[in-house]
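Structures for review follow.
One chain, chain A, appears in both complexes that follow, with chain B as partner in the first and chain C in the second.
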Partner chain A sequence: MAFLTLQLLFRRLVLAIPILLCVSALVFGILRLLPADPVGMSLPPGATAADYEKLKQAFGLDRPLFEQYLIWLGKLLSGDMGGSIFFRRPVTELIAKALPATLELVSAGFALGVIVGGAGGLGMFAMRGGAGEHALDGATTIMMAIPEFLWAILLILFVGVSLQLLPFIGRLGPGIQLPPPVTGFLLVDSVLTGRWDSLRSALLHLVLPATALAIGLAPLVMRVLRSSLLETVQDDYITQARLRGVSERRILLRHALPNAALPAISLIGVQGGFMFGGTVLVEMIFAYPGIGNLMVDAVRNHDLPVIQAVALVYCVLVLGINAVVDVAYMAVNPRLRLAGSR
Partner chain B sequence: MMTLVAKGLSVSARLAGQTVTVLRDLDFAIEPGKILGLVGESGAGKSMIGRVLARSLPSGFVVSGGSLAFSAADGKVRDLVAMDGADLARLLGDRIAFIPQEPLTALNPLLTVRAQFDEHLARLGVPAGDRIARMIDALTQVRLSAPQSLVERYPFQLSGGMCQRVLIAMAFASNPALVVADEPTTALDVSTQATIVQIMRGLQRDHATAMLFITHDLRLAARVCDEIAVLYAGEVVERGPARIISQDPQHPYTRALQAANPPLRGPLTRLVTLPDQMPGLSALASLQGCRFAPRCPTRDASCETASPELRLVAPGHWVCCAPACSGSRPAVPPITRRSAEASGSEPILVVDTVAKHYPGKRDWMGRRGQGVDAVKAASLSVRPGEFVGIVGESGSGKSTLAKLIMGLEAPTAGRILIDGHDVTAPSSATRSIRLGTLQMVFQDPQSALNPRRPVERLVTQTMEAARSGASDAERLARATALLAETGLPPELINRYPAQLSGGQKQRVNIARALCVTPRLLVADEIVSGLDVSVQAQILNLLLDLRTERGIGLVFISHDLAVVRYLCTRMLVMHQGVVVEEGETDAIFARPQHPYTRALLAAAPPDELDSPWPPAPVQETLDATA
Partner chain C sequence: MTTIDRRNLIKLGAGASALMALGVPRAVLAQAAAQGQLTLAFPADVPTWDPNARTLAAVQSLYKLVFDQPLTQNPDVSIKPALITKWAFDNPTTLSLEFRPDVVFHDGTPMTAADFRFSFFERAKLPVPEGGRRLDTAFIWRKVTDIEVQSPTKAVMKFSEPMPSAIAWLAFLCSFVVPKAYVERVGLAEFTAKPVGSGPYRLVEYQQGARIVLEANDRYWGGKPAIPKVTIEIVRDPTARVAAFESRRADVAIDVPIREAQRLGTQPGVTARLDPIADIMLLQITRNGGFADDRARLAAHHAIDKVAISRALFGGAATPISVPAAKGTPGYPPDFEFQFSTERAQALLRDLGHSAQNPLNIKFASSNGAFPNDFEMARAIVQMWRRVGINADLEPIELSVYQERLRAGTLPEATLFSWGNAVGDPEMYGGYLLDPKSIFSAFKTEELAPRIQPLLTETDEAKRIQGYRDAHRFAAERGFTIPLLQTVKTIVHRNEVTITKYDNGWVLPNTYSFKS
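Up next is the complex of A and B:
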């Protein structure tokens, strides 16, 4: 299993190279079509045309587009993503600061979506034909009918503003100091340094944005798992287990659920990728300092180096989550692990 | 003390506001160490009895009367119908065990054999430390080799026969008082069937287990069972010792079943078929009198009003038929087989040493896997009006050969000629030669017929392929002619497949292939999904088509008796190789290849006195397989 996992991850890695090259070329090319003038933006007011040409040469923008791309790519490979025009800081530094926040948010949203979706799917199946199923079914329809950014606003209005139950701005409450940085992950650093006040505050700040993200995943998982369970319990091995006197509870959890989970896992893989896209709006609405917010700022200010870098980071994250889901799928399904070894 | 006694057992269903009696007044009993066979075609209600036992009737079905008295070794008698559900669940898998029809799907695909067997032993209360030893012992008893490594495998890594042995081992692990086996060999190859029967009988005899053996196959039941009850439309129509039921049946339905089954030896006469098919649930509600009367060849006026009762005709032999019914057997003409020499013309189809190699999948580094030789150098030729059978077990390459003939796959070596034209490589030119000459009939009419098309459009589907395009009037006229030719009532012309019975669907399937008046049909297992009485109708239809149109046939089947009935020549395939070829009668009389001999020996013979399954032959077959 360990060997196969490594093999799978290695294969994913090899396949990721051409994908990343394509994405980087695409992003680089499309951004050049924007009517943005990074040189002009970088110059102080009152600069001369000579200053402009000088800076343009310094940026390398006077060379052909293909050459520019290769230079950028070469620097990227050595870990240099260039400098932000707007923030006047290295792009790597900006991303290193924002990425852990986004990863924490997505992990929380992902976990919440999978747990709620899994439990809801099981619940809907267990209450099939009854009022409970109809209630849950209605709930999934409402969840899916409203886009996640609107959910974010609704959550802020109801839970944050009206009920004042949970904070909805940033990652930490006012007056709470950041824990000393160890890993860059706020939750992890808080635990490592024993800062329970910042841990509590960070967790509370995660609830609403993570919920807004999870709403994009949970109802789909619920529905797929429910219908997949309904199909699975018709299978022969379920009947045969029942004829062996296996308890209904055990039939559901040990025999039906793992088999029914397979299509749900595939779906989670696809939706997990979309979740990163969801962070852009959700982070902006909750003023959450992740790469989504960084992206919004960069787009607003035509900060091309940042846009390029964040787009690539998103691509890597989506490929990463797909690889994780593949490994999970393989762990559940022996046919993939043992294919060919009949 | 009887293990299981059914008294007046009835099951009814609510159907469109009406109550339909699905099982009527069943009486039977099984004693320890004996096997009772429940024999009937689909819809007879034989599987319903197993579902009553397990209390897993489909929704809307209820036990409306009677009792099922079960007594295990403890001497307590319990009524399985009346007892508490939780108490019944405790008996299942412990005192009452089940062997399923589809072994490959009856094991959880995500768990190893060990995990599933362990779960079962844990439920039986075997301490954790003893379970693996018990497992190995049980698997050795079902003659699985290397059980230590086998338990670590997943079901998809095992063959159907191996899965069934695992399930048999699990069923007998608790030394149950009663084992219910529902068509346990139907999904398996002939040779595997013989082994499975041998293993099951062996265990059942050793443990003196009572067994309920549910099957559609009267010939197999005669071999396996001590007693047989024949079911028709939810009623026991005849019951008695297996030997008597199979050799001297009294009920017209049992006789019809027997007459519809082509024999493996002796003279061939035209199969006697019954009209129509068994009444479905909705038809049962309106049926008066004897349920078999509408199809009975010997009915009289009283049969349509009075329901007959089971009556004793000989010691232990019960028949449910009006006493007036003499049941005289109609005389049947012997079938004439036109041999290839008699027709004397050039072959329509020549397959010359074709082979099909499927390359292995590339792994992630681009290295090719081993690949499969599905067909290795197969040759055959078919003359007009000649019926050629291809016999083999699953994986023998017979279906691949059919695909090569039809041009659905391209051979990797060899040549295929139609009327002397080389059509080896599938292309648009060879396609038009093929379409005018060859047509294929597919195995499963259920999936071969587009459910959204009415019969008229289905049978004239090939007319759409013609460049000119046929007019609606032409199509209607052709469809009407085709229905008449395939023995379908004309009113079916506007029906959809869902409104047809299994036999009717297969006739539509054949009618569609006949639309462009091909000279050769390629039929891949076209009767294997049908009941015996419907199978006989289809076989006779094929013979009639030969007489009337001189059509040729490549008939692919795993069923030796059916091939013997239809085909003048036959090929035996094994692992992609044609191991024997010749006149059917000669091969049946003097099989040359050891595989052919083993295959013939594995099929249960008609004569009850010849021993079956033949143990030593069986081992050689295992060795070659």
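Up next is the complex of A and C:
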């Protein structure tokens, strides 16, 4: 299994190279073709037309598009993502500071979406034909009908403002200082440095934005899992298990669920990728300092190096999450393992 | 089977609810208004803690909390001493300055004229790494040929040619003094990570894009601020800023939507301020397409009911302006008002053969969300124009696209635009917006050049101010610009907090206090 996993990951890695190249070329090309002027936006009063031209040269924006791309790609391969036009800082530094927040948020949202979706799917199946199923079905419809950013606002207004149950701004409460940086991940650093106050505060601050993200995933998982379970329990091997006197609970969890989960896992792979896209608005609304928030600033200021780099990071994350889902898929599907070993 | 699973499900739900209830004590959530601490919900973050790097009006207030400017401004935007106590032009190209002797940086080192020279001359001349760019101060102070340090409290700025706006610039945007010794010792990266200034607050915690925590500087030359600790929550989304205020997570919310500010202002214990500031909203005009003739542009200006727009979209707080300057600033001609008159607009259009039945077709661009109610205002103007016989094709535009078209000379006939000028000097209005040589001007006409360009080096202050008043008026009367309204700043705060309102929109918690 370990060998097959490594083999799969290697194949994914090889496939990722052309995908990343295509995405980088596409993002780079589209941004350069837009009739927008990042240099003009960053010029201070007192600057002249000659200053404008000099700056354009300094940023390499006066060169042919293909040459610009090759220079950028060359630097990227050596780990240099360039300098931000707006922030006047290395893009790598900006992303290194913001990325852990997004990864923590997406991980929490992903985990919440999978757990709630999985539990809800089982619940809907268990209550099939009853009022409970209809209620859950209605709830999933509502969850899917409202976009993530609107859920974010509704959660803030209801849970944050009306009930005042949970915080909704930033990553930590006032008066709670950041733990000393070890890994850059707030939750991990809090644990490593024994800062339980910051761990608690960070977890509380994660709940609402993670819920807003999870709402995009959970109802879909619930529905697919329910449908898949309904089909699976009609299969002959389930009937035979019942005839052998196996309990319904064991049939569901041991026999039906592993097979029924496969379509849900595929769906999680696809939706997990979309979840990163959802962070752009959710982070802005919750003032969560991740790469989504960084992207908003970069787009507003047409900060080309930051937009390109963040887009590429998103692409890497989506490919990463797809690879993880593939491994999970293989782990629960013996046919794939068998095919891989041949 | 069903019964067992449902029971399990209910157990799970009940357990989760209990955990939720037990795990989140309200004390943890009662974030704002702790005694002696002020929390602001603020819409923007600094791009870097190097205050000389960028000219960003939106964050000048944040820099002013940690760093000092050589000069500063009174709430009515007039210039007042800060680090510099006395200033005088010895001749048109020599400016003598005297500094306070009692200023210390947060690291305990004294601020001297050498730090001023470093910030305004030496740093600007530093070589630029490949792919990098110079500090914005290098562009602004390009006429400075040297700063002669005569003593720790005396310096002389020498210019290649007269720079009458130098006094205003010493209080504007990125003009801050940074500690030479500290910056040279630790390097730029460390300086921006742990900035040291001489401002009223010390930076004690910074989470990029999320939070700035400041503690009062006990040794501040202007006296220790009344509020010992200030937390600035960076909340970009206006709805979330309102929510932060309503949930008492912030004591003060900045730049909330006009209607929200009006609503919050009706709540007990809350004060909402909607004040016009020195920034302006205007239509950047070109001679392209239907606006080639002066009469068409003047008709477009006469047709706009600015008072109605202010009332409908800004609660009446946006002051209508007739020239591209804020009312009450030196460059505003006090006796001039451009009339709103649909009759005059119709008459001018009739001369050109246009009417409501045979409208003049133009293109009109506006940002959407770049500043409060921009697109709504553009739509209102389209309706007003339609009534007199101008048919405007409204197009939303990004600021970066605006810049590209401005540079290429391809802007449409009219573009709704916002222009910031916290210092209120007329050079930063007409000098930049109307001078055909300026990279910010849209209407490139040589008719304005002789009226504006001599003023850029005019050292007779009275003559300079009068010159700008005349140029502003001339530009409006000829339809080279269509000024609309002063921008409105909204600040919502709890009544326990006393705030100082600045006419340029500054938000300076060091001038705030708690009511006892």
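Basically, the second predicted complex is superposed on the first by the 335 of 342 C-alpha atoms of A that agree within 3 Å, B and C clash if a C-alpha of one lies under 4 Å from a C-alpha of the other, contacts with A are read in each partner's own complex, and residues count from 1 in each chain.
Keep this in mind: contacts are C-beta pairs under 8 Å (C-beta built on N, C-alpha and C of every residue); 3 or more make two chains touch, one makes a residue touch a chain.
What you see is a predicted model; the values in this text were computed from it and never measured.
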Determine, for the superposed arrangement built on chain A, whether chain B and chain C clash or fit. fit
Contact breadth on chain A, by residue count: chain C or chain B: C
In the overlaid three-chain picture, which partner chain does A:I153 touch, first (chain B) or second (chain C), both, or neither? second
Of the partners chain B and chain C, which touch A:I169 in the superposed model: first, second, both, neither? second
Touched partner set for A:L4, first chain B, second chain C, both or neither: neither
Going by the contact rule set out at the top, does A:A139 touch chain B (first), chain C (second), both, or neither? neither
Going by the contact rule set out at the top, does A:G83 touch chain B (first), chain C (second), both, or neither? second
Go through the superposed model and pick first if A:T239 touches only chain B, second if only chain C, both, or neither. first
On the chain A superposition, what angle, as a multiple of 10 degrees, is formed at chain A by the C-alpha centres of chain B and chain C? 150
Touch check for A:L61: first (chain B), second (chain C), both, or neither? neither
Distance of closest approach, chain C and chain B, by C-alpha atoms in Å: 13
Chain A - residues contacting chain C, complex: 34-38, 40-49, 51-52, 55, 58-60, 82-84, 86-89, 94, 97-98, 119, 122-123, 126-128, 130, 132, 153, 156-157, 160-161, 164-175, 177-178, 200-201, 204, 248-249, 252, 284-289, 293-294, 296-297, 300-302
Of all residues in chain A, those that touch chain B in their complex: 7, 11, 235-237, 239-247, 250, 254-255, 258-259, 332-335, 338, 340-342
Residues of chain C touching chain A in the complex: 1-2, 4-6, 9, 12, 20, 23-24, 26, 28-29, 31-32, 34, 37, 39, 41, 47-48, 50, 53-55, 128, 131-133, 136, 139-140, 142, 173-174, 192, 205, 207-211, 213, 231, 233-237, 239-240, 243-244, 246-249, 398-401, 403-407, 428, 432, 437, 439-440
In the complex, chain B residues that touch chain A: 54, 56, 89-94, 97-98, 100, 102, 105-112, 119-120, 123, 154, 156-157, 167, 170, 361, 364, 369
